[in-house]
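Attaching a single structure in structure tokens format; questions to follow.
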Amino acid sequence: MLEISNLACSRGDHLLFSGLNFSLSPGELLQVQGANGSGKTSLLRTLCGFIMPDTGEILWHGQNIRELGDQFYAEIIYLGHLNAIKDELNALENLRIGAGLAGCKMDDKQVIAALRRLGLRGRETLPVKVLSQGQRRRVALARLLLSNASLWILDEPLTALDVGAVELMQELISEHLVNNGMVIYTTHQPLEVVGVATRRLALT
Amino acid sequence: MNWGEFFAMNGYAWYVWGSFGMALLIFIVEMVMVRHRRTVILQQLRLTSNAEDL
Amino acid sequence: MNKLSLIGLLSIMIRRDLVLAMRRRADVVTTLIFFVIVVSLFPLGVGPEADMLRNMAPGVIWVAALLASMLSLGRLFSADHLDGTLEQMLLVPQSLSVLVLAKILAHWMVSGLPLVIMAPVLGLQFDMTAQSIGVLIIALLLGTPTLSMIGAVGAALTLGLRGGGALVSLLVLPLCIPVLIFGAGAVEAVISGTSVSSHLSLLGALLVMALAFTPWVTALALRISME
Amino acid sequence: MVPWFACSAAIMFVAGLYISFFVAPTDVQQSEAYRIMFIHVPVSILSMFIYLVMAGYAALGLIFNTRLSSMMASALAPTGALLAFLSLWTGALWGKPMWGAWWVWDARLTSELILLFLYLGFIALHASIDDPRRADRASALLAILGSVNVPIIYFSVQWWNTLHQGASVKLTGTSMHVAMQQGMYTMMLAVWLYAITISLIRVRSIILERESKAQWVSELMEIKR
């Protein structure tokens, strides 16, 4: 359960949004909408605790995320504009290290299964720098399968993805929601999950 | 003590007046800088507030 | 979910950074070559008299080591910052200070340790005695990690800024002066026959202090810089 | 408040200079050159003190997230840097006739030089970060780090210096004449007041720059007209 009350955020001296209130319960999907520069990314980064809000609180199960700290981080996964994968490593190494840092012990079978599900069969041990943009994004998305975080925070997850991958993404999200997960995302492309009403939050 | 003697500082004129002169110079430069900064920001604010009126 | 121990986290991170460094060997080699070239330039600049060179050697080697470690600082966080891995590190549900410490240690192993290993050869160039070379190595072993740690704070503060390289030197070099003084002082003490141990223990004290505080300060600086 | 400080600073300067040059007698050993002391000592002391105040303000700003104290810290930095420079300059001019050298690698001089570098680092870091909040917090961290380091640096330099040479010349221990003391204190007060005045003026501009979007700014007298 994520609750946001009276949140305001500014970059430099420019006020992006203020008085923002919403909450998100398990099994719910929230799409953040808004024009370029309306503060979508800043909102997501504030939720991750990167940015200190000017006013307002972010509560996770009734407790402020600043106080929760590591406990909160253990329950979220954030996928930003940047893929957070290393060019010099291969997909397998990238995911193994990423999962290791997040505190999950992974055996290679699980990682390979996740990569195959995202359509990267045969590319597991290629250095990431030879993969295409879309394939790199898929490597980054594979992290979602390997974590047991309950809140997904996805910033433009569909950039560089082809039609097939977008469908796959919808599938992943709906599985996560069925398991009582929560998803917050931003996108400019249509992303509809069957059977779940997408809630929308418009930033101006 | 006459003025000539005073300024000669017993042979140390260059050092003594160099120190105090530099101090004076720095203080003046700093004051000018600060005042300049203030006028610039006030001018800017005046411009923006006028622009809003238009 | 089984949480990793801090040591486990430390070793994952160190191993990752070492693997990355090995896949980009050129960077490591460049720092080392820079160090060797700077040290070798001094005799060309001041003349080949053996006595003078012997007296200058500790200072020259230390200053060159300081400059070389400044040179490599830019790499410490910037690559991770650019590809987004640093963001993910901030979200690791364990202490960020531990990750930072791991990164600093790995960075020292690839940029500081080679300098220490190279130093005896350079000492011979300057006609140093075996005893003073020995002390030089110990002093460098104690001092260069401190340099890396102080430098890490600077690197974290200037993350993603234009002109970061020059700025980092301006911020970090004044703070490194004690290390330089005691490091070069230890070797000079051998040459002049006074007590070496006090210098080395002060270097050790600086190292312990840096070890205790800088990972935490660097983590704080990273959080500020990522805002 | 600013005019009040400015006036008293001016009065104190006039009084201080009068005492320094006309009342205070000529020193036996240093002749007239010792009069540099009247500007050198206050400036040096203040340059160090301002660093501590600045670091204190910066720390307050970092911990309690108060914008005003961060602004105050950044307003103090240029004044502190200029005073540190002035201290080095007057020290050199005093050192040349007294010690016969513009510069000696004395512990105090070296630390003062490093202090100047720390100030410059603070200013440079603050200037190169575009987001003012990040700039405040990052440079605050640097200021605190610097203030922790200053004692270590002073200690290490002193130690290093005594190893190299014991030639640090001190003001020979003549007890100071009363008028000299008076001159010194008046000048000290004058420089104090000057520093307060100038940083108050500077902080006002900084506030205006930062808060230019706020409502009250556009209602200011100076801007309407």
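By written order: A, B, C and D. Residues from 1 in each chain.
What we mean here is this: contacts are C-beta pairs under 8 Å (C-beta built on N, C-alpha and C of every residue); 3 or more make two chains touch, one makes a residue touch a chain.
Just so it is clear, the model here is predicted, and its values are computed rather than measured.
Counted by C-beta pairs in contact, the busier of C-D and A-D is C-D. The distance from the centre of subunit C to the centre of subunit D, each centre being the mean of the chain's C-alpha atoms, comes to 32 Å. If you average the Cα atoms of subunit B and of subunit C, the two centres end up 43 Å apart. With centres set at the average Cα position, the gap from subunit A to subunit D is 50 Å. Centre-to-centre separation between subunit B and subunit D, using Cα means, comes to 16 Å.
Residues of subunit B in contact with at least two other chains: none.
Touching of two or more other chains is recorded for residues 131, 133, 212 of subunit D. Shown for subunit A are the residues in touch with two or more other chains, namely 52. Pairwise, the chains that touch each other are A-C, A-D, B-D, C-D.
Only residues 11-15, 52 of subunit A touch subunit D when the two sit together in their complex. Note for the complex: subunit B touches subunit D at residues 6, 9-12, 14-16, 18-20, 22-23, 26-27, 30-31, 33-35, 37-38, 41-42, 44-46, 48-49, 52.
Across the complex, subunit A is touched by residues 1-4, 8-9, 12-13, 16, 19-20, 23-24, 82-85, 87-95, 99, 223, 226-227 of subunit C.
Subunit D meets subunit B in the complex at residues 17, 21, 26, 31-33, 35-36, 39-40, 43, 78-79, 82, 85-86, 89-90, 93-94, 96-97, 194, 198, 201-202, 204-205, 208-209, 212, 217-218, 220, 222-225. Those residues of subunit A that touch subunit C in the complex are listed here as 48-52, 70-71, 73-74, 76-78, 80-89, 93, 97-98, 100-105, 148.
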